[in-house]
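The following blocks contain the structures, represented as structure tokens.
Common to both upcoming complexes is chain A, partnered first by chain B, then by chain C.
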Partner chain A sequence: MKGNLVTFLRKDFRLCVSGKFFLLALGSLILYSSYINLVYVKLDQEIFPVYRYDPGKVQGECAAGVTDVGSLEELEAACEDGYSVGLHITGDPGSGRKPEIMMVSCGVESLDHIREAYARALLFPEDREDGPKRDSRDALGQAGIIGTNTREMKSRREITAEFLFFELAAVGFLGLASMLFKEKQMGVIRVHAVIPVSRVLFILSKLVLILLSDLLFAALLTVINLGMKEGLRVLPGVLMQAGILSLVMALIGFLCAVVLPDFKQFSLIYLVLAVFITTPVFLVVQTGVEMDWMRFHPMYHLFTAMKNAYFQISSAQGIYYGVCAAAVVLLFMAAQWGLDREMKKEG
Partner chain B sequence: MIEVKNLTFSYGKDRQALHGLDFTVEDGEIFGFLGPNGSGKSTTQKILTGILTGYGGRVSLFGQDMGAAHTQELLEKIGVLFEFPYLYTNLSAVDNLRYFASFYPRERVRDVMELLDKLEFKKDYLKKPVSSYSKGMRQRVSMARALLNSPRLLFLDEPISGLDPSGAVLFRRIIEEERRNGTTVFLTTHNMMDADLLCDRVAFISNGNIAALDTPQNLKKQNCMDSKEPTLEEVFIQYTGRGLEE
Partner chain C sequence: MNWTGLKYQLKALRRDKLCVLTFLLPILAGIAVNLMGDMDFSAMAEPSFGIVRDGLTGEMEDWLRTNGTVEIYDSREELEEAVKEPATQTVGVLAKDGEMKTIRSGDEFTMYAKIADRLPRLYEQREMTAQYDLKVLPAGGGSDIMKPLLTVIVMITAMFMGCTFNAMNILSEKEDGIEYVNEILPMTRGQYVRQKIAVGFVGGTVSTVITALICMRIAAAQILPLLLLVVLSAFVAALAGLFIARFSGGLMVGIVYIKIIMILFLAPPILFYMLVPADSVWYGVSYLFPSGATFYGLMGLMDGRTDMVREVAALAGHGAVWSAVYVMMGRRHRKKVQEG
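Now for the complex of A and B:
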């Protein structure tokens, strides 16, 4: 039995290589990591450009993120875009700072308030000792920091969790299905019906290969984008969630590939799965959209567990793991049924 | 070797495929199973190879009831050549055969290179992927796969299709050789000439029933028309009222 599993693994590995599955995974790894490191962490650093006109030199040195201008006209011109914020510092050095906010409304009142708050926050950073004493509960005051994450590390954890979820849910699912469609097309699945092989091992070898590949992908993506120290810290939890998601998606991919007659129908199912099943989960978790039924959505729980693993929050309960195990067993049985059905088909 | 009694099978309420087949295949015999598409040939072969279950009647192989026999043990003793050469096209002939060979007990497995040599496989293609082979070459690899485990019972479905005349002669010779070595052959074909040349006995199957079963010579003699011996195909049409290509 052990020998047969190795034979299956070797054959499936070669199928994956010829199908360029590993190349695709490597491409995804490079693409995601490049995007995270070269683009994503650099976004969101300067939300709105802030300009300051301080003719009386009331404030002294310019705060980080604020650009000084030489005249009021220049300040007005800089703030005409409905995006930038101008700060006109008036008064004399003894009277304290009295900034006048200058900006063109962007058309959304709430966003205008955010722009104003952001500009004030830059002008009065918490660590400046010469700033006016403000109540920390002031609506325009700075939020307290929860946890030890810097903004960059928080962004890295979030985006890495999202990319890993997407890769395992979509690309891994496609990988196994395309491997099986190839075997179906070659007709070799029917040959396995007349040779003394274990059908369980036939499925198991594909699962093991996809699982190992996904775990390696998860480990590399995590370490590359969170750094060695943070990456290794979150890795056990991440690998556990990646393993669950990988098994579930691989089995769904297997089932779809053996049951559906051709790749066209599979593509349609894939689209439905991606658009109508995964999109609401991303919407709810990433934005303020609320959907009451989301707690009944299995992908929602898988995604939140994955995200929590990246933030080292152990939210997953015993019942979650119980349901996951039951789902894997049921999907495995369904895959066996599908394989049996495919083997009985006409030549 | 094979004993089939009152075999029935249905693919659903309205699709009765077999209506009570009765036949036996003796040890070392080449038995031809002839019929047009949709007559029940494939269904019968799938039941005999353990792929289809849920049939009615009784089927025994190697003196053991199919229902009671351990399928894995049974599969170790049979070889199957499908109508189409189903192979891993990304692997070479040698890799395909080594892969399939790994599932059989070592003592049963024949030497892959010897088998390919016997099937006159072009040596310069041995390590090239199957995707680069012609249909005839693929058919040779498929035949090698069917013979890999030194089967005691060989199921051949249209073995000669896709072969050039010299390939067809070679395959007929190999089938004869296998029989001489004690292998029983269950041959499913449309090709009446192959059946006439190779088979000890043939069964005509039509609409899930056996219309006739005898040696090709007897069937032809019994159906002589105007003192001229008919071809096996003409006899088939007399019994079933249908041509084989229907």
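Now for the complex of A and C:
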């Protein structure tokens, strides 16, 4: 049995190599890591830029975050984007002419309000960040910080979880299926139907190979993008979730590939899976949009568990692991049934 | 053009479930975008504040509501959980000794962090409005960028999905051995290529026109520019289909190529549109992607523009260049076969 498994593993490994399975995984690893490090961690939403036109030099130096412009036209042009705010300092406070806050509405009333309030804080010198403070109560406030992540670390955890989920759910699924379709085309299943080898081993060797390669991929992706220290800290939890997801998706991929007659029909299922099943999950978890039916969506729980593992939130309960184990066993039995059926068909 | 041949080709497409789904996908997505018409995407850009029930004075709560959305939680713990939730940018607002205090998670975008830091001061200054004049000009264009963007993404998908129809058609013929039958049929290579382009072109155009009818609202003067964009893009997509079919050995590889081409056609224009200013060199470079010109053209149409000369010229250029490349490759291939 043990020797057989090793033989199977060797055969499947060669199949993966010839099918460029590992090359694809390596390509994905480089692509995802480059995107995370070069683009995603730099994404930020800056506070509204504030421009000031102060012809009489009534106010002193520019406060942090305020840019001086030379003319009223320049000020108006700078505000045209519906995001920036302009300060027009018209004269001495005693002259009776009031300073002016000008902006183009961004179309959202509440956002316009807060832009006005923010610009106002910069309009009056004593309230500026670097301006003289009247007493301690006037000091610029600092919100209490209750989280443990910086913006960059949060982005890294978030996007790494998403890419890993996508890779395991979509690409891994496709990988196993393409491997099996190749074997089908080559007549391997027909040969297996007549030689005395265990069908369980046939499935098991593929599962073990996919699982190991997925775990390696998960570990590399995590360590590269979260850094060695943080990466190793979250790794046990992440590997646990990656293992569950990998087994579930590989078994579904196996079942579909063995039951469906050709790759074209399989790609249909794949399209449905990618577009209609995974998209709502991403939408809910990414934007916080509430959809009540989402808790009945199995992928939602898998994705949430993966994300929580990256944020080290222990939300996965015993019942979750129980359901996952039951799902894996059921899917394994279904895959076995599918393989038996296919072998009978092949004669 | 052999019309009977084309009729049979389209009939074969109709039986292909993948092609039918590909045809329907943008139409369904168009309907979904249309149904979302009343959804307010701008709510996502508003600051979102979280408070504990009865934790603030009525005045504070009212003031917060004028500056963003307010979510009420039953306890301080629940509020802290919501503030820490990585998917949102919620700022927690509390009151202590009659003063406003804020909490944030520390991982939010700079804008929300600065708003959270200054919120108590902004609240204190709320009465100062008499000391300055406020001049708010009405919003220039539509403030909601999400809906036009989604509509354009759906339209581009519909246009460039055309490559799926003829690529799948040629590849299935290759797999079934019909390719060899075609070689002995009284049909020139040119007729064959024209027929295959027509398959992709018709599929892409019809799907796009239906999608446009569902989710684009444009003025009469914009119909002609839109039609030009649709026709030229569908033609370029059909050409892409020919290239995919030529370079892939089997259906499996073909499907992978189609996916890569779709990503390449969809992602760069969106990134360029969002990140690169319209007068920079990189914006010009993005016209090297055929979908770039279509994307900018469609965004222009959504903004009410009618002048599409640059976009149409870029697409026509793509059509001409890629046709020439395909013809040249075909000639070289035939020469090799004859020599061999």
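One rule holds for everything that comes next: the second predicted complex is superposed on the first by the 259 of 347 C-alpha atoms of A that agree within 3 Å, B and C clash if a C-alpha of one lies under 4 Å from a C-alpha of the other, contacts with A are read in each partner's own complex, and residues count from 1 in each chain.
We adopt the following convention: a contact is a pair of C-beta atoms (placed from the backbone, for glycine too) under 8 Å apart; a residue touches a chain by one contact, two chains touch by 3 or more.
Computed from a predicted structure; not experimentally measured.
Participant: On the A-aligned overlay, A:114 touches which partner chain: chain B = first, chain C = second, or both, or neither?
Facilitator: The second partner, chain C, only.
Participant: Quick one: is A:15 in contact with chain B, with chain C, with both, or with neither? Answer first, second, both or neither.
Facilitator: First partner only.
Participant: I want to verify the contact counts: of chain B and chain C, which reaches more residues of chain A?
Facilitator: The partner that reaches more residues of chain A in the superposed model: C.
Participant: Classify the contacts of A:102 with the two partner chains as first (chain B alone), second (chain C alone), both, or neither.
Facilitator: After superposition on chain A, A:102 lies in contact with chain C alone.
Participant: Based on the superposed arrangement, let me know which partner A:82 touches: chain B (first), chain C (second), both, or neither?
Facilitator: second
Participant: Determine, under the contact definition given at the top, whether A:267 touches first (chain B), second (chain C), both, or neither.
Facilitator: second
Participant: Taking the touch rule as given, give the residues of chain A at its contact with chain B in the complex, in rising order.
Facilitator: Contacts found on chain A: 3-4, 7, 10-11, 14-15, 18, 182-183, 186-188, 190-191, 193-197, 343-344, 346-347.
Participant: Mind pulling up the chain C residues that touch chain A in the complex?
Facilitator: My answer: residues 16-18, 21, 25, 42, 44-47, 65-69, 80, 83-88, 91-92, 101-122, 125-126, 128, 131-140, 142-144, 168, 172, 251-252, 255.
Participant: Which stretch or stretches of chain A touch chain C in the complex?
Facilitator: Those residues of chain A that touch chain C are 44-48, 79-80, 82, 98-114, 116-118, 120-121, 123-124, 127, 138, 140-151, 153-154, 157-158, 178, 181, 262-265, 267-268, 271, 275, 285-288, 307, 311.
Participant: Taking the complex as given, what residues does chain B use to touch chain A?
Facilitator: 42, 46, 49-52, 71-73, 75-76, 78, 80, 82-84, 86-91, 99-100, 102-104, 145, 155, 157
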